[in-house]
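I've put the structures underneath this note.
Each of the next two complexes has subunit A plus one other chain: subunit B in the first, subunit C in the second.
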Partner chain A sequence: MAKIPVAMVVNGEKVGPLEVEEYTSMLDFLQEYLNLTGTKLGCGIGVCRSCTILVEREDGSLEPVRSCINNVGRFNGRTVTTVEGQAEYNSEGDIVALSPIQQAFLRNFSFQCGWCTPGFVNAATALIDHLRREPVPADTIEAVIDEALGEHICRCTGYVRYYRAVREVIESTPGLLKEAD
Partner chain B sequence: MGKVAFVFFFLVIGGNVAAQPTHAQASAKQSPVEKGRYLAAAGDCVACHTATNGRPFIGGRPFHTPFGILYSTNITPDKKTGIGNYTLEDFTAAMRRGKGAHGNLYPAMPYTSYYLIPDEDIASLYAYFMQLPPVEYVAPDNDLFFPANLRFGLSVWNRIFFDKAPLSQPADKSPDWQRGNYLVNALGHCGECHTPRNFAFAMKNDEKFSGNILEGWDAVDIRPAALRRQGWDRERLRLLFTTGASEHGTAFGEMFSVVKYSLRHLSDNDINAIITYLLDDSEKMAGNAGNPQAAEKRYTQGRADFVAYCAACHGREGRGVTLSFAPPMDRNAAVRGDNPYNTIAVILRGLAAQRMDRTNARAGMPGFHRELDDVRVADLVNYMRTAWGGAENPVTVEDVAEIRRQLREHGYLGAVE
Partner chain C sequence: MEGFNINRRNFIKLCTVTGITVFAAPVLWQKGKAQNPETARDVLNWRGAGSDPAFRTDGVAKVTGQKIFGRDFRARDMPGWKPQQHYALVLRCNRVERRFDGVDWTQLPAEAQPYAKVTAETLAEKKLKLPAFYGEAMLLSEGASPLYYGHAVAMLLFDDFEKYATAKQALQFNEQVIRYGAQTPPVERDPYASWRIIRVEGPQGPEDEDLYSPMQDGLFFPNYRDHKAEWPRAANLSGSVSERGMYYAQQIRATTEREAESGNWHLVRGEYRTQIVDPMMMEPEAANVWFDGERQTLHLVLTSQSPQDFQELAAHMIAESAFAAEIKNIVVHSAVVGGGFGAKDHSIFPYYGLVAGLFGTAPVRLANNRFEQFQAGLKRHPFGMRNTLAIDKKNGKFQALIAEMQVDGGGRQNFSASVSMVGASAIQSIYYLPRNDISSVANQSMNVDSGSMRGYGTLQTMTAMEMMVNQAAAELGIDPIELRLRNAFQDGWRNTQGAVPKVGVRYRELLERAREHPMWRDRMERKRAFEQENPGYLFGTGYAIATKDYGTGAAAPSAAVQFDTAGRLSMAVEFMEMGTGIGTSQSLLLETVLGRAADHCTVGEVDAWHALQQFQTESPYTMSQQHQDQQSANPLWTPVTAMASAASMSSYFQSHATQQAAEILFQQGLLPAARRLWKRNELEDGQTQWREGKLHYGNLPPLALEQLAAEAHRNGDVTGVMVHSFNRWEWAEADFELHGRQWTGSIDGLALRRGGSAEKVSADEYQVEKRSAVRYPRTALNNAMVTYYAPTAALVEVVVNPGNGEVSIHGLQNYMDCGRTIVRPLVEGQIEGGVAMGIGHALYEYLPPLAEGAGNGTWNLNRYQVPLAKHVPVWNQQHEILPPATEKDPHKGIAEVVMIPIVAALAEAIYQATGKRFNEVPITPERLRRALNPQVL
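Up next is the complex of A and B:
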């Protein structure tokens, strides 16, 4: 089986070059090679989005990508963030602060089993990043959240608390909403 | 005149063929309303006369034409806003000649095909539409540029471009073929998308069914030889028409809605008739086949990108994973087609998710226009077409750039990520 050299930056750390079987999915690469098991396999066919991770575009903006339907080669040379990279860590590797989105999900009790949560965390983080670059009018929040998270499936608690949490973060973070004219 | 009358007579006979017991859907026991319901499905009226998530038949769906935006109209029998005041004669005039109550209809209404529908079928359609629940709704105003915004220009258009040639039904063709001819050309109005149009948006009938770029997709060449080259045969077409998907390709864009609202509701006999007509007397053949080894050697970046971007869904060496997930590429009709347009356009813009019914849906495909530049897309497409499509001519970087430019200009990039 053909192997390809793989190197990228994952959660701020350089990884590789590693020789990886070319058909390895990004999800398997994260779990089997890097021991990053936070990214979850739900459907495996690109529908549920529990496996969503973030990839940095050239302009530094964040793009949510499903890791189950993309093989590792797509991420070669790229900068990637998984759910493990969202919180702040100290030099000992202990978490010192969760990200605002993570905190809001906890506060709102947005999830139950948590299987879908890594995907929601990453997609919501990308949304916040996007709004920082392109603020939207306050009366479109619901539609904007729905567009960013509407395809994510949660089988436990439903979506209301996820949406509420994201709305809280958007409303309490300066600069994400356009002033009404 | 005698000829026209003869052909018309023939058409009615043709219609009667459907009334024979072999064509169950049009059996003599059917009431005009039931028959009309069936014919309305065959004519796919609902697809155009319904807006996204709108009520069926009330119109309001926008059509982006080179002359501006047109909206489909309300065809429920509401007296104020629909066709409630239409007599059978008015209805016939609208269907066959594009004559609406307030002037000529724009030829987005396929009267340029529907004129071939015989009286009996028109009457059934009328009976069906008039018993629908009336809904009061007015579609937005059309937004057309001069001179297309002047409806009286349409009578000139009709005089020049509306060629009312009768449907020719060669006597040496089987009743099945003739029924297919009628369904494809008249009710199904397949030519409206699959036939190229001239500067005035009229179908070029001498290039009938040779394919046409529409809404950023290639409505493919559906002439027998082209279908065969792409590997289509009776069974594969039957699967495509009745389920929207086959190992040889899936229906997407407007064709998905044709399958969803029209084709899959037709009787087995009518589907067979359509296939008989489309494949004509062409011989079965294996279809274009490629050379994976040569492709891998020649297009290394293309192959690497296929493995990285495509293979997780479309399978190792393009062999597919499972059809309900994504079709294989190693026998895909778009890859095998002469025109690379759809292969390029799908990679750039992606495909929308599809829902056929409650239990049958398909996830969309992401578009890669941001990540893959023209050079990489060209290499990827060349790899696929060489490996599995038997393409003679490589796609150039300029080809990709031009398609990308067109898609961007019309806002088709970035719709599916």
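Up next is the complex of A and C:
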């Protein structure tokens, strides 16, 4: 067994340096070392996307990454956001505001059991971030959503209300769409 | 009655567990980062202003990643627990044809050694055995042959995560770990159960007495020879139940052959098969168990939708073991979510967690990864059916159904007996059948065991029925919806068991709506137009309808509703959250009775019901009428104290208890307060009305709930009501003396709170009110099997690519009768989710049996295709929910039915597109491609 030191920023807080086995997955690191269990194990082999988290790229844009198939070392020095870091909290730890995506999922009754929700929240948040930087033609919106979320697995609501919620956020947020060419 | 030991409750009588007290801890709702998700819920105003709530009450917790699933909890999250977290893993066989010759422990890396190895020998030494429901050999003994693929042989315990993770990496998929010896013959055992439902309509027609039916005559069972069911041969019209039954069975078969030969009846005959399906619920099973030796207490955190049953069986298991002397208390901690859409009912998994905990020196976490969940988790039963449907050629009326079903239950019995019975009793779907001979045998096999999963046998059998009806329509040249209309069941008629359903059936309405839809009306033109515009593609339209029974015949929901001095409403219900939003719907139900939705709702409450002081004796399914009559004399007796949760059960059964509690609270708590405040001795029944949170009566000044609640508290009136109810296809009814007056309601247990200050429902504030009389539904109703139904229909257009066999859904219209909806978007979510799951069953999801199947430990989502968004008509599916026929319509249970008609509708649409009829699901792209291109490999 070989250990590596890891340090990163998770949900705005500095984590580490901690010594962990180099094969430790990011999902296990979040759950077993940081007790952040909002990121969910679905398949453990990178298929279902339940475990999707966000990593900040150098330009500040957000990259959705599957935490179950990426080892913790890949996140060394990076800034990471999990589902627990999406809402705004006050100093007492109470939620004071939800992100637009969280609100849309809530108000569209997008989820039932809620296991796949964290992955959808993060992937949809990354999509919004992407569209802010690179707006797309309005008539491609369905394809764009499918491209971003099409691999995520939900067993309760049949995707309809997730897709509808994301569409609503895209259409109601200025600057994400451009007129068709 | 052999084979009837199937219910969820029949172990109670075994459970006088000397010296072990079982506690149910308050439902886990751990504060994650959010200190209190309920605060956010209230700040964001979940109730909103419309008739439906703005969002579900557990929504904030779910969308912010709070700890609400059993799997989320670690030792350090649990107050009072030792914080060190230990980990366990289970080793399982991936073959069955050879003897298990022990474990090669040298495969464990030196730096990842477990501190405990639990084997069959360890269990024997400690006298630990599975509850009888699950069968024998919890861990397989060295030298024995595996009973099924995935049979567990050992558990290893590790004192830190790194050792555990390292060991798991080394052992999972390692063929050297388990040693196999000499070849052994396959294990064969008798079937788990067999059923036969024979009915012949009487001369007066469908509403009158039958010549023969299970409801009227009772059930009979076969003998087993060479592990096969052998039905009695003796047939005699004036003989015993079985002799008369066999007489009529022979008569049905002879008549069918004769009428077919003479050209009067058309027969649709076929073999219909369904596959093994994994529920693929998103949360893999997990348990966290701490044996606190110092306090002689065993704590368990579970992922289960039936924790009540687990508690009792676990106590029993420990009481009979060598741990009996060391454990005085068992504390079961349940999470808010009992399971997404089900699949965690009576799973064997928690017992492995329990055993791991018993041998742990700190809290032990046992958590399946997805490979393990596929290898060891409950499956949907595959059905093989040989069916004959006889139709009168001159009028298109169904004359007889003969069905022989073989159900594969896998290596452990679980609910196989029950599922095979429900499947058999459901095959009639929405149709009236004057004659039926339906048999169903639940077989043991070496497959992974199947259990309670969405559909519960009905998906399998009703799909076959719909396939037959569609085929009959084509062969007789009758419009498929017209054929259905001619045969639709009507209110007051008898079902295949001879029982009369209690809930109004609106099949005709559903059928007629579809008939008028352009997708149906113009289907030929649409096909022609599409194929012309898209050369090379094939287009087809299919329709199917299904009606799903809901209920178990022994439903026993409890509910409690109370208000504080400020008029805040708090409630508790027994059912757990199954994804369907029970906390939201039950909270909302209070609005019409008490003027506002609940401010707090505890779901999955277990402890509070002790205030009712109820007890049960025998299985409600098998008890005699005499036993019921005798026991009923005791005002604290009930046929069933508590029940497992199911997604399709809350809307009808739990709602009943909630509404009863709310109504009693209104009558006994708020109305007396209103009379005093209004200074009226009497208020005319039904003339009070809630408007904008205030109670109105004529021209008197409206009263706010706050005022009424304060007055009730001040005066010592009733401020909380707890009820228990029982339903055996009818509700039990009891009389109580309340304030010197007799009060009668559809409950059998009652406790009241006067005054009180606890924020949430708490047993010690409630006093039991003993009933003065009770009327339970007759035990003979057990033979009725099912009588509550909710129907759904699906109209679907598909486009088939004949080159690769891919089916895409072009259009989809669903129709549903769910009675009165409680929260419409929750119902719609159920519909959309059911559609996706039905598409999976029809076209994609498949596990092969035996060695290639899930039990070999190599299955995961890379091979098991569940529907993705691209497989589902995400943007273009429509549904129509029938408005309730009356204001008294029940809230019907619909969580299971939606996925059913889509399966047969897809099969029919594929036939209409390609000319290929499939009687077997799934119709995968590969199967379809091969069928369309037989010349290409």
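In the analysis below, the second predicted complex is superposed on the first by the 178 of 181 C-alpha atoms of A that agree within 3 Å, B and C clash if a C-alpha of one lies under 4 Å from a C-alpha of the other, contacts with A are read in each partner's own complex, and residues count from 1 in each chain.
One rule holds for everything that comes next: contacts are C-beta pairs under 8 Å (C-beta built on N, C-alpha and C of every residue); 3 or more make two chains touch, one makes a residue touch a chain.
All figures in this text were calculated on a predicted structure; none of them were measured in a lab.
> Which of the two partners, first being subunit B and second being subunit C, lies in contact with A:157: first, second, both, or neither?
Only subunit C is touched by A:157; subunit B is not.
> Just subunit B (first), just subunit C (second), both, or neither: which does A:45 touch?
In the superposition, A:45 touches subunit B and subunit C alike.
> Quick check on the superposed pair: does A:4 touch subunit B, subunit C, both, or neither? Answer first, second, both or neither.
first
> Output check: A:107 vs subunit B and subunit C. Expected answer is one of first, second, both, neither. What do you get?
The second partner, subunit C, only.
> Once the structures are superposed on A, label A:22 by its partner contacts, choosing first (subunit B), second (subunit C), both or neither.
In the superposition, A:22 touches subunit B alone.
> In this superposition, which partner touches a larger number of subunit A residues, subunit B or subunit C?
After superposition, C is the partner touching more of subunit A.
> Give me the intersection of subunit A's contacts with subunit B and its contacts with subunit C, in residue numbers.
The overlap between the subunit B and subunit C interfaces on subunit A comprises residues 23, 45, 47.
> Touching residues of subunit A toward subunit B in the complex: what are they?
Listed in rising order, the residues are 4, 22-23, 25, 45-47, 57, 63, 66, 68-74, 76.
> Could you pull out which subunit C residues touch subunit A in their complex?
31-37, 39-40, 43-44, 54-56, 58-69, 71-74, 76-77, 85, 109, 111, 161-162, 165-166, 169, 280-284, 337, 339-341, 369-371, 578-581, 825-826, 828-830, 832-837, 860-862, 866-870, 872, 874-875, 877
> Give the list of subunit A residues in touch with subunit C in this complex.
Contact set of subunit A toward subunit C: 1, 11, 20-21, 23-24, 28, 31-33, 35-45, 47-48, 50, 82-84, 86-87, 89, 92-96, 98, 102, 105-109, 111-118, 121, 142, 146, 149-161, 163.
> Which subunit B residues qualify as touching subunit A in the complex?
Where subunit B meets subunit A, its residues are 304-305, 307-309, 311-313, 316, 325, 363, 366, 370-371, 417.
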